[in-house]
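The letters A, B, C and D name the chains in turn, as written, and every chain counts its residues from 1.
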Amino acid sequence: MRVSTSSSYAYLGPEGTFTEAALLQVPGAESARRVPASTVGAALDAVRSGSVDAAMVPIENSVEGGVSATLDAIAVGAPLRILREELVPITFVLAVRPGTALEAVRRIGTHGHAWAQCRNWVDANVRDAEYFPTSSTAAAAYGLVDGDGSYDAAICSPLVAGRLGLTVLATDIGDVTDAVTRFVLVGRPDALPPRTGADKTTLVIPLPEDHPGALMQILDQFAARGVNLSRIESRPTGQFLGDYFFSVDADGHVEDARVADALKGLHRISPGLRFLGSYARADRRTPAVERHTSDDAFGAADAWLGDILEGR
Amino acid sequence: MRVSTSSSYAYLGPEGTFTEAALLQVPGAESARRVPASTVGAALDAVRSGSVDAAMVPIENSVEGGVSATLDAIAVGAPLRILREELVPITFVLAVRPGTALEAVRRIGTHGHAWAQCRNWVDANVRDAEYFPTSSTAAAAYGLVDGDGSYDAAICSPLVAGRLGLTVLATDIGDVTDAVTRFVLVGRPDALPPRTGADKTTLVIPLPEDHPGALMQILDQFAARGVNLSRIESRPTGQFLGDYFFSVDADGHVEDARVADALKGLHRISPGLRFLGSYARADRRTPAVERHTSDDAFGAADAWLGDILEGR
Amino acid sequence: MRVSTSSSYAYLGPEGTFTEAALLQVPGAESARRVPASTVGAALDAVRSGSVDAAMVPIENSVEGGVSATLDAIAVGAPLRILREELVPITFVLAVRPGTALEAVRRIGTHGHAWAQCRNWVDANVRDAEYFPTSSTAAAAYGLVDGDGSYDAAICSPLVAGRLGLTVLATDIGDVTDAVTRFVLVGRPDALPPRTGADKTTLVIPLPEDHPGALMQILDQFAARGVNLSRIESRPTGQFLGDYFFSVDADGHVEDARVADALKGLHRISPGLRFLGSYARADRRTPAVERHTSDDAFGAADAWLGDILEGR
Amino acid sequence: MRVSTSSSYAYLGPEGTFTEAALLQVPGAESARRVPASTVGAALDAVRSGSVDAAMVPIENSVEGGVSATLDAIAVGAPLRILREELVPITFVLAVRPGTALEAVRRIGTHGHAWAQCRNWVDANVRDAEYFPTSSTAAAAYGLVDGDGSYDAAICSPLVAGRLGLTVLATDIGDVTDAVTRFVLVGRPDALPPRTGADKTTLVIPLPEDHPGALMQILDQFAARGVNLSRIESRPTGQFLGDYFFSVDADGHVEDARVADALKGLHRISPGLRFLGSYARADRRTPAVERHTSDDAFGAADAWLGDILEGR
C-alpha cells in the first residue's frame, strides 16, 4: 500500500499508548482514521481482513509488551509486510487529576513493565505508594479520569497525560534515560517501499535441520554477501521442543543485489522462509558496502558469465 | 552451591505462580524456605546479597513475563550461575469463589499474557466478560479471596486455585495445549553441577565488532567443534543503538572437551563474554557427538602434539 | 570448436609419446592431422595462432613433465579453453633393436621421470646398466633407430615401440602398476562442450589479498553451492614472493546453476579469474547433488524472489 | 638434529647443482661431508638410514625437477622433518671448454627445464644449435670435461662452471630474471628448530572424506586461528582416483599457540596428518598476528576457563 492521508490504521491501544505515538510519527497519520486494538493479534487481523490499511505494533523492547506476540503473529497466517519502522523515545510521567498533590498519592496505576522501570523513582519520592496494575500505561491514565478511584496517580506517556488534561507531577521518572522503543507499520503485500540506501529487511527463516552448522549455513548466506544482521532471535516453532525458526533483520533492501542474492540462497536451503518486508531504517544508518558486494560487482559478474555461456 | 533440603530460595512471586510450580519441581524445595519476590531483578538480587541460596526465574516464553528481564539481569552485575532448568506445563483454569456460577461471571482478573492466550475460550464461553488486569495470574487468584470484588473470576494456575480452595469452573482453557515454559534456577558461582551427558551451557557474548562476519566468527567457534545451539538471541546493550550482545544456549557441559575448546575460542575473540552455567537439560536430550569432537579425539590430538613439541 | 575428423591437432611430441596416445583416444584424431610440438608452450601457441584447432598436453603427474608448464601456460596469454580430458595408462616397456639380448644391455636411454619409476626393475634385472638421459621416452625409442649407439635399450611406451618395430624385452616395468596420467585437449574459446552430468570446470583464480581467510573466501564460493573440488594448487604468480593464484578443478559444468552461481561469486571477489573450460570428466563420475543446490532449487528461488520484487 | 660443522649431508647431485648451491648456504656445510645422490628419494633414504644427518632437496619450481618427488617422498615412509629452507637465485650461464668460440657451438647439453627457460636466448644468439638432453645442468657441465664430445656447450649454474674451470660465454641467459628456487633441508625427527617469529610449518593432510566442505573444514582450522597458508597443493594418494591429500605450508611455528591449536584441530578431523616440520622462513617475513590469535590471548583464555572449571 502507499501510505497516504486517506489511509486507515490500527494500532495497539488504547488511545495514548506509545504505539499511537509511533503511529502519529507517520506522515499523514494524524489526519487518518486510527483504530485502537486490544492486542497485537487483533491489530494485525484488522490488516489481514482489509478493515484497515496498516497497523502499528511494537517490535522490540516495548514497555507495552507485545514483542514476541508481534514476531510470532507476523510469522504465520496470511502474509503481511513491514512497511516502515519508527523509533519512539520512552519517557514516563507521573500524572494525577488536577488538584492532587504528590503527598496525597497512595496508589499508582500503570503497566507492569513501566512500574518496573520507575520503581527507583517511586521508592525515592513516593515511598509508600502501592502498585495497581493496568493493561497499559494509557489505560492507567484513562482510569484516572473514568475510573472508580482504585488509584490516584498514573505512570504514563506525556502524550496521553496532555491529551486528557491531567496534571504532570514529575517527568522522566524512568531508570533508563534515552530509552527508545521500536515499532513497525505492517500492511498487506504490495509494491515494495522504495530503496533509500539505508534500509532493513526482515525475514522469518525455519531451521531446515537441527545440527551444528545448520545455523551457520543460514547465516553464511548473509555473511558471504557482506550483509550485516542487526537482530537475530531463535524462536521455538511451538510444534515440539527442538524445532526453531529464526527471526532476523538484515541491513539492506531486497532490491540491493547482495540482499536479493542472499535471499535466493536462503530460499534454496530453507524454502519455507518468509519475507516480511524491506523498508527504510528509522535511524537512517547507511551500511558500508564493499566493492565486491556492490550492485556493480553483481552486474559485472553476470555479464562475465553471460559471455562464457555464449562461447566468448 | 549444592542444592539441598537446607536451602532457601527466592522466586518470581506471588505464591502460586508457575514460577513457584517450577521451584517445587526441585528436589527438596518443598520443605525449603521459599521467598516470593516481586520482580526477577529482586529475586536475583536476593541471591547476590546472599539472603537466599538460589532463585527460580522464568527464562523463555513465560506467560508471566520477565524473560528479557531475566536475560538482561543475569548478563550484568555480580556473576551468577544457572544451576538447573525446569520445564513447567502451562495450563490455565477459570477459578471462582465457591458458589459462583459461570453465568454470573462478569469480569475476569488475570495477567495480560494469560488473557491473550485464553481469549478464544472466553469469547466462546463467557462472551460478555470484561478483562481486569492483575500483575500475575496468582495475584488474580489472591484478589478473589482478599479483594474488593473488582472481578468475580480469575484465570490462573491449577496450583494456586487448589491452594486457595477456589472452585474450578473450567480447565485447560488456553489456546495452546501442551504449552511448556522454561525456568532456571540461578545461584552464585561455585562448583559446577556435574556433567550428565545431556547438558546445556548458557553464555552471554558481546559482539566484538559490528560487521558482516563478526557474528559468523562467534558462531563458528561452536560449529567448528560440533557444538549445537538450541537458542540464540541478539540483545541491544542499551548503551547505544547498534551495539549488541548475544545470549545463547549451547548443547553440552563446559567439562566436555569440545565445549571447553569452543569457550576458549570465544574468549579469544570476545574476552568480555560471560559464562552463565553448565547444567542438566530438563528434556534429557543427549546430543549426537561426532568422533572428531569427542573427548577421545581431543585427548589424542593433545598427545600427538605433545610428542611433536618434545621432538618425537 | 567442434571436435571433428577434419580437425588438426598439436601435441607434446615427439611421435609416440604418451601424449600422442592420449590424442589418439579422441574420436577422429587417428585420421586427423597431428603435429608434434617440442614443448607444451609451443603446442599451445599453435592453437593460439590458429595453425591447429586444438592441442593435447599433459596436465597431471606426467612422466613426460610439462605439468606446471601447462598450468602456467594456460593461465596467461590469449584465452584458451580445455575441451576434454583423457586418462592414459602409463606402462613402460624395455625396448631394443631386433637381435639385442637382455644380457647385452649396458646403457638405457629414457626420460628422467621414467628412469626413476623403473629403477627397481632395472636394479633387479639389468643391474649394471647405466642411465642415458633423453628428452622424452619416445625420443629414447627414436634414438635406438636413428642414433649413434649411445645406448642399446630404451624405456618407452608400448605405442612407440610397436610403431618403430622394436623388440620388447619386458613389459610393465614401472614401480606403480595401474598408473594413470591425465591429459587435456586445449582449444580456442567457442561454444562450450555440452553438459553431460559428469563434468569438470577448470579455473585460475588470483588471490585478491594475502591474509588468513582470503583462500577460505574463495573456497566458500564452491562449498556454499555444494560444488566439490577435485584439484587445488597454489602457484606463485612469479611477480614477487607472496603473491599467488589458485588453479582448481571443480565438479560440474558452468551450465549447472550451482557452478554458474559459484563462478559469479568468484568473479565478484576476484574479478581477474580466468575460466579455462567445462568439459566431460574422463572417469565419468557423476557428483552427488543435494536438493538445495539443484537446478530446480535455483529456479524455484529465482521465481520466489521475482514475486517479491513485483509486490506479490 | 642440530646443524653443526660436524654434520654430513646428502643432496640431489651431481656436484655443482643448484641444490648443492643451496646446501652451501647452510652455515658450516662448506666444511662438512657432502654426498651427492642421484634422486630425491635416494637423498632422503640416506637420511632415514642414518648414513647422513640431513639432505638438501628441491621443493618448489626447481629447474632440476624433483618437486613432486620431494613432496611425495616426504609424505610417506619413516618420518622426516624439514629443518630449514633456502632460496637460491637461478641464473644460467653458457659454458664451454676453454678455447671454444660462440660461433663454434653446434650442440648444447643441459636439463630439459633449463633448455626450455633459455630457448629465447638460444634462438637469438646461437640459432642453429641443437639440444642434447642431460640428467641435470651440472651433468651437462661435467659432460663437457669428461664426455665424448656429444655437445660443445653446456647451460649450467655459475657454480659448476667456475668449479670446473669452464669458460663462460654468456651469463643470465634465462627468460626469467630474478628467478628463485626453494630448497629444503630434511632430517630425522629431533628437537624442533627454535621459533624465530618468522617461521613456516609444513604439513601433509589426508582428506578425511571427499565431499564439498571437507576441504573447507581443513582450511578452517587455519583460518579460524588466523594462520595464513603460503602454499597448498592437492595430491592424489595414488591408491585410486578421487582420494587426495593436501600438502600445505602454514605461516608460524608449532610452538606458536595459534599454530599448535590449529594442528590439534586438524588431528581431530584427519588423524592421519603428518607434521613435516617448523622452521625459519628463508625470506624472514614476519606474519601479522591479530590480538585474538596471539599467545597472550591463548594464555588468557586458558586461565579464564581454568577458573570456571574450578568453580570461580
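Going forward, a residue touches a chain if its C-beta (ideal position, glycine included) is under 8 Å from a C-beta of that chain, and two chains touch if they have at least 3 such contacts.
Treat the numbers as computed from the prediction; the structure is a model and nothing was measured.
If you take subunit A and subunit B together, no chain is in touch with both.
We define each chain's centre as the mean of its Cα atoms; on that basis subunit B and subunit C are separated by 61 Å.
Touching two or more other chains at once are residues 220 of subunit B.
A ring topology is adopted by the chain contact network, closed into one cycle in which each chain touches exactly two others. Subunit D makes touch with subunit C in their complex at residues 39, 41, 60-61, 65, 68-69, 112-113, 116, 119, 131, 133-135, 139, 150, 176, 180, 210-213, 215-216, 219-220, 222-223, 225-234, 236, 238, 241-242, 244, 246, 283, 285, 288. Looking at the complex, you find that subunit A touches subunit C at residues 189-192, 220-221, 224, 254-255, 260, 263-265, 267-269, 271, 275, 292-293, 297-298, 300-302, 304-305, 308-309, 311-312.
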